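See the structures that follow.
In the two complexes below, chain A is the common chain; its partner is chain B in one and chain C in the other.
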Partner chain A sequence: MKKLLFCLGLLVSTFSYSQIKDIVESIHGNFQIDAQYYNKDTSIGAPIVPQKVLSNGFGNINYIRGGFSAGIRYESYNPVMQGFDPRYQGSGIPYKYARYKNKKLDITAGNFYDQFGSGMILRVYEERGLLYDNTMDGFRAIYNPIRGITLKGMIGHQRTFFSLSPGVVRAGDIDISLNELLDSLWANKKTKITIGGSFVSKYQSSQSPTLNEPENVGCGGGRVTVSRGNFNIYAEYANKINDPAYVNKYSYKNGQGAYLTTSYAVNGFSAMLAGKYVDNMGFRSDRDQTLNAAMINYMPALTKYHTYLMATFYPYATQPNGEMAAQGEVQYKFKRGSKIGGKYGMEVAANASMAYGIDSVNIAPQNDDRQYHYKVRSFKPGEKYFHDFNIEINKKFSKKIKGTFLYSNQYYNKNIIVENSSVKEFANIKTNIFVVDVTYKYKPTSSIRFEGETMQTKQDKGAWLVGMVEWWPQSNFFLAVLDQWNYGNADQSKRFHYYLVNIGFIRDAVRITLSYGKQRQGIFCVGGVCRTVPASDGVSLTVSTSF
Partner chain B sequence: MIKLFKIILVITAVNLFAGCDYVNTPLKPHTVVTSNDTNKVYKNILVEDYTGSTCVNCPPAATELDSLIALYGSRIVPMAVNAGNFATPVTTYTLNLQCAVADAYDAFFNMSNTGNPCGMVNRKGNPFSSKYLLYPNWANTTQGIILNDTAFIKLTLNTTFDTITKALTVNTTSTFLKSLSGTYNIVVLLTQDSIIGPQKSGTQGQISNYVHRFVLRDAISTTWGDALVTGGSNNGQAIAKTYNYTLKYSYPAAGTTNNPGNKPAVPCNFKHCSVVAYIYNATTNSTSQYEVLQSEQKKIYP
Partner chain C sequence: MKKVTFSIIVIALCSMAFKFDGGFIFDGGKIPVVTIKNLDGSKVSTSTFTNNGKPIIISFWATWCKPCKKELDNILDDYADWQKETGVKIIAVSIDDARTMPKVITDAKTKGWPYEVYIDDNQDFKRAMNVNAVPHTFIIDGKGEIVWSHNSYAEGDEIYLYENIKHLIKGEKLEH
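For the complex of A and B:
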C-alpha cells in the first residue's frame, strides 16, 4: 500500500512539474528582532525587569509559484518587551496559509487578512509595531462570477495572542462596479459608481449564569462610492444587533455607524471633508475581551496622522461606544516662481478635526428591562472629546535647505479618552504645539536635520521642549541625538530629561539600529480596562532584513 | 443577470436570519440552590480580584465579588490583591494596600500588566494567559466549578490568636480524598476586611470612604507555600502543618519593599483579619499547574 502511494505521489509530482515548469517561482520573506536591556531607574518610574533583557522577534517566509502561494510566520517573545500585552508569551507559528488564485477564483486556507469597506464591519489586519494581530484562521474564497462583481466569503476564528478566539466569524461581502457590470451603457460615462454590501455574523456560546446572551450576533451594512473627474464621495452605513459585551457594559442596544467622506483634487489643490457617527459599534469575536484583542471591526480616528513627537503626545482613538467626529483638510501648492512660492514653491496644508460624544442619557436600572443602559436623546454632539486644528508648511529654501513648520492647537478630554470615566477629575488638556524641522543637505548623500518642538500647556504634565539632531554622513548610516525635556512640570522634581541616542546602519534590505535612552510612562485604556506602559531606561537593538 | 441577483439576495436573507439571535428578555431568572448535605466536602473557589485604589474601573469588580459571596456564601474565598501601578499610593490616594506577596502574584500571573480590573478564579486556565479573567467572567467560571468540579482535598483550618501579643497560630489539615499524582503545595495568607480609604471611580470620582474588602496583607507561609506531597498522594492521606505568625501593628511594615520610605501604613485591625489558605497543583509542566484545588478562610477573631 505504501509503495502504491509512493508511486502515485511520484507520478502526480512529475506530472505537476511538467505542467508548471515554466511558471515563475519565488521565495521571499523578512525577519525582525527587537531586544532591549533594561536599567533600573526609579527616578522616572522604570520598574525592575528581573530578566534584564526582553525581546520580540518574527520571521515571514512566503513561497510563490504561479497562482499558488504559501507561507508561515514564526514569532517569539522571550518574554515580550515592556509596553506590549504580556499575553504574547513564548514562541510559535500563529500565521500559516496556502492560497490559490486564478482569474475567477481566489481561495485561501489558513490565515488571512481582509477588510470590507472602510472596516466598520470587518477589518482583520496586523500592525507589527503595536503587536496588533487579529488575523482570521479558517477559509476565504473570493469569486468574480462576471466582470464588475466580486463576491467574498470567509469563515474562521480570530487570533488572540497564541490561541484562537472562542467565537467563530462568518462573513460575506459583495462589491459591484456598475460601470464595469453595465459596460454597454455605462462604460464611457464620466461618473463611476461602485456599490457594496457586507454581512458578518459571529457565534460564541454563552455560559452566563445571569444573562441570556445572544450566541449569534450579526452586523450588516452597505456602501457606495461615486467619483466624477476630480471629485470623489464615499458613504457607508452599518447596523449591529444586540451584542452585550464587556466593552459596552453588556448593553443589549443595537449598534449603528455611518461614515461619509468626500474629496476634490486638481493640480496643486486638494480638499477633503469627512464625518462619522458611531453608537455602540464595538464588535469582537469574544464578548469578554477588551483592549486590542479579538476585534472584528475597526474604526479609525478622524484625525490627522502626525509624525512629530509633541503632536502625537495626546493621541486620540475612536470611542466605539459613542462618537460624532468630523475632519476637513485643504492643501495648496504655491507654484515655483510665484510671489509666495518663491524659487522652489511652497506647500501649505490646513487641517481641522474634532470629536464629540453622542447626546445620550442613562436609563435607570429599574426601567431598563431590555438592558440598554442608555438611550440617545438627539442627533446632536454630546461632550467634547478632542480637537486638533493645525497648519503645516513645507518650503524648500535652496538646493540644499528645506524645512517643515507645523503649528497645532489640540484639546484632549483625558477623563474620557484615558480614564474612560464620566467624572471630571482631570482638567481638559489644551495644548499649543510648534515644530520647526530643517534639513541641510550638504552633499548628495549627506545631510543633517535639526528638529525643534515645543508643547505649551498648563494642564497635565505641563510644557515640553524637544530637540533633535539627525546626521546622515552617508546614505546608509545615521546618528541621531534626541532630548525631550518636561521643563514645565508643576512638580519640579519631575522635570525629567528623556534623552535618546540612536545609531543606524542600512544596506540594501538590512537595517540595524542601536539606541540608548529613556522612554516616558504612559497609560493605555480601552473599553474599561487600563494598562500601564511603564517608563524604561536602557539599550535597545533592532535588526531587520528582507529577501 | 437578474437570476444572479436573486441568488445573492436569497443567500443574504438566509444569512441575516441565521446569523442573528434577538434577545427579548436579557436577564435570566435568579435561582439559589441550597444543599443540606453537611457531610459532603465541597470544593471552594478562591476568587482573586487584582485591583488598585486609582483604578477607575475596579469598584464594579469588587461589587461582582460581593455578588458571588451573596450567591454562593462560604464556597467563595475572596481575596483583593492590590498591586501594580494603580495600587501605588499617589498624592490624593495615599492608602497603601500593597504587600510583597501581592506584588509577586501580580507579576507572576501578569495581571496588572495585562490590564485592571481583572482576576483569577481558582487560577484555572490553560494556556497560562487564559488564567486572566475580566470580572464579568468570574461568575461563569465559578458556576462551572460549582456544577462540575469535585473536591479531591479536604482542608480544615484552626487558628489561635493572642490579642495582647498578636501571636497567631494556624493549624492546617489537608486530607486527600483521592489518590493524586504530582506535587501539591499549601499557602497560608493574611487578609484584612473593611479598610476605609479613598478609591477612584469612573462614575463617582474620588470615593473618600470606600470600603476596601478582603485585602491581602501578608504571607503567613512563604509566597508559593510548602509542599504537602511531592510524588503523589494516597486516598485518605492527611497532612497537618502549623504556622506561627505575629500580626504587625500596621501594613505594609515600614522599611519593606512596599514601604521603603516609611510612608503612612494602614493599621491592622485584627477583628477584621482572616486567614486564607489554599492548596494548588505545583506539578511542573502539568497543564493545570498553579490551579487551586481547595481553599478555606477563617476569621482570627470570630
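For the complex of A and C:
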C-alpha cells in the first residue's frame, strides 16, 4: 500500500511540471478486468467453486516526460479464475520501473522485459491474457558506443507470482549490425548482416543434502541474421552447462540448442523452412520450479499457430528436455482476374510441421532412481511427438462474401506433451480437422460470419462438431452463439453440448464482452508448458480499455 | 447475495460503457520513442515515423490474428485511393515473437501489402502504446500526435477509419 501511495504521489507531483510545453509529456495506461460467475455443473466435470465469483484484473499507468519514463502495474486476483495458475493470489504491484533514455544510453531501474536473439537463452516477457509474466526486477543498461553496436547488461531476480525467484540472473549481450558499423564499405551492400552473442548466468544456493548441485550455471550463445533481397536467414546456437533441476529429472548433462530459419518472399509468393534441435535446454532461475514459473529462456513450438477451436484442441509445446523439429510453409496468392484467382484473387497456404524426441539412452546407475542420466546416441529423430499437415485457402467470392477453408491432419503424443511422462498411458491421438468460415457483409458496416468445424478422431474423447454464428449489426456491437458438440464420445453419457453466447461492445479503445454458457475442458500451453484446464459453466465479463 | 452484487457490477460497468456516447476523449500525446525491428533485422527508432506532415495510421497486428489481417487486407482494396486523396501512410507493427516472426515477412509479401511493416518482438512499442490486444489501430496527425485509437476490427471499420482521416485533413472533429 505504501508503495502504491508513493508511486501515485510521484505521478501527481509530476503534473505540476507539465506547464513546460517544449518537452513531450504524457500519462498513459490500460486496464482490464475479467470476472466469472461459476454455476455448479458436475456433469461436464466443472470443479465446484466455493467463492462463486473469481476475477483477474490489472491496471498499468505509465508516465513519460522526454527521455524519462516511469510506471507501475497493479494486479489483483480475488482469487484467480479457473484455468490459470492458482499460485496467483491476492493483490500487489509486481511491476514498477523508472527508465531514462537518450541517444547512447538507456537505463532501467526496477522491472523490465527483454530478450536476446530468439529468446533461446533469455527472454523475459509477459502474456497478460494468459497470466504469463517472468519480468526481471533489478537493473538494466543498454549502451550504443558507436553506430551499429548495441551492448546490454542486466542483473535481477525474476518475478514468480507476487514474490521473486530465489536465483539471481546476470546477463550480457552484444548485437552488431555490420552494415552500420562498416558504414563506408558496407552501407550500400545488398547483403545485410547482423551478428550477436550473449551470456547468461544464474546463481542459486544449493540446499540439497544429497546432490552436488552447481550453484552458478552459465549459458552462452551466438546468432546471425543475413538478408539479401528476397532471402532471409536466421541462425542461433546456445550451450548451457550442467543444471540439474526438477524438470530435467536432475540430469547433469550439458544442454544445447540450435535454431535455423530461412525464407524467400516476393510479391504473391513465399516459402519458409525452419529447423530446431533442443537437448536439455530448460533454464530457470529456480531449479525447483514447475509449470511455467521462473523460466529464463523461451523455446517456441515450431508449428502453425492455429486459431480455430478444433485445430487448437491438441496444442503442441517444445519439449525442452529433448526435441528435433522442423516446419515448412509455402504461400501463394492467385492474382485477381486469373483463372483460379477469379475476380478478387485467392490465397493458398500449405504448412507442414513435425516434432520428434532425440535419440537418447539412459545411463544412470541402476540403483540411483533420483536422476536421469542419459547420452545422445545419434543425430536421428527419436520418439514421435507431433505432426500437423495443413492447407488453408482464403478466397473472396464477391464484394459481399469471403471464406476461409482449412484442412489439418494432426498427430499428438499426449503422454509426452501433457503428462510429461514416457509411460504409455494414453493412445497417440490422430485427428482430421475441417473448417469452413464464411463472412457475409450484407451492408458496408454490417456482417454475419458462419463457422463450421469438425474434428474426426477415434482416440481420446472422439469426434466433435462445432457451429458458430457471429453477427455484427453495426461495427461497435456483436452477438455470437457457439456450440461445441462432442457427438463422437465413446461414452454415450458424455456426448455433451458446450454452448456459449457472447455479446460485445466496442468503442474506441474500450471493449466490453459478456458471455454465458459452458467451456469444455481444454489443453492450454503457456511458456512452453501444456496443462489441462477444467471445464466451467457460468457467466463471464471482460472490460478492457486504454488511455 | 453474491449473485446480486455481481449483477450490479455487470450492469454498472455496461452502463458506464454506454456513457462514453459523448465521445471518449483521446488525448494521446506524441508517439513514444522505442526501438523496434525492420524486416531485415536491423533496429529502427519509432522517432523516425514521419509522413511529411500528413497523417499516419499505426496498426498493431500479428500473423496469427485473423481480424488484424482482414483489416489490413480490406484497407488494401482502397489504399491507393486513400493515398491519392489524403496522403495517409500505414505502418503495420507486428507483435509476433520468435515462434511466428519468420511469417511476418512471408505473410506481408505474399499478400502484397504496400505498407511499412515492422516487428515489435519484445513488445516494447505495444507496452508503450498501452495495447491490450490486437488488432489495435491508431491515427497520428501531421504533428506526430496520437489523436484516435480503436481496439478490435469489424467488417467495414475501415470506412470509419478513413472518414476520420478525412476529418483530420480538413481540421474537423474526429468521430468516435
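Methods note: the second predicted complex is superposed on the first by the 507 of 547 C-alpha atoms of A that agree within 3 Å, B and C clash if a C-alpha of one lies under 4 Å from a C-alpha of the other, contacts with A are read in each partner's own complex, and residues count from 1 in each chain.
Everything that follows uses one rule, which is that a contact is a pair of C-beta atoms (placed from the backbone, for glycine too) under 8 Å apart; a residue touches a chain by one contact, two chains touch by 3 or more.
All values derive from a computational prediction rather than experimental measurement.
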item	value
Fit or clash - chain C, chain B, common chain A	fit
First, second, both or neither for A:74, with chain B first and chain C second	neither
Contacts of A:478 with chain B and chain C, given as first, second, both or neither	second
Once both complexes are placed on the shared chain, angle at chain A toward chain B and chain C, C-alpha, multiple of 10 degrees	140
Superposition-derived comparison: chain B or chain C, residues of chain A touched	C
First, second, both or neither for A:26, with chain B first and chain C second	second
Which superposed partner A:237 touches (first chain B, second chain C, both, neither)	neither
Touched partner set for A:100, first chain B, second chain C, both or neither	neither
Touching partner for A:86 - first (chain B), second (chain C), both, neither	first
First, second, both or neither for A:425, with chain B first and chain C second	first
Chain C versus chain B - closest C-alpha approach in the superposed model, Å	21
Intersection of the chain A residues that touch chain B with those that touch chain C	none
Sites on chain A touched by chain C in the complex	24-26, 28-30, 32-33, 35, 37, 51-53, 60, 62, 64, 67, 69, 101, 113-115, 118-120, 123, 125-126, 128-129, 150, 177, 179-180, 192, 194, 225, 227, 230, 232, 234, 261, 263, 265-272, 274, 298, 300-302, 305-307, 329, 331-333, 347, 349, 404, 439, 441, 443-447, 472, 475-476, 478, 505-512, 514, 539, 541, 543-547
Chain B residues within the chain A interface of the complex	1, 4, 8, 11-12, 15-16, 18-28, 30, 55-57, 84-86, 110, 112-118, 127-130, 132, 134, 136-137, 139-140, 143-144, 200-206
Touching residues (chain side chain A, partner chain B) in the complex	85-87, 89, 145-146, 149, 151, 161-163, 170, 172, 174, 197, 199, 201, 207-218, 220, 241-242, 244, 246, 250, 252, 288, 290-291, 369-371, 419-425, 523, 528-532, 534
Chain C - residues contacting chain A, complex	2-3, 6, 9-10, 13-14, 17-18, 20, 24, 26, 28-30, 32-33, 39-43, 63-66, 97-103, 105-112, 121-124, 127-133, 136, 148-152, 154-157, 159-160, 176
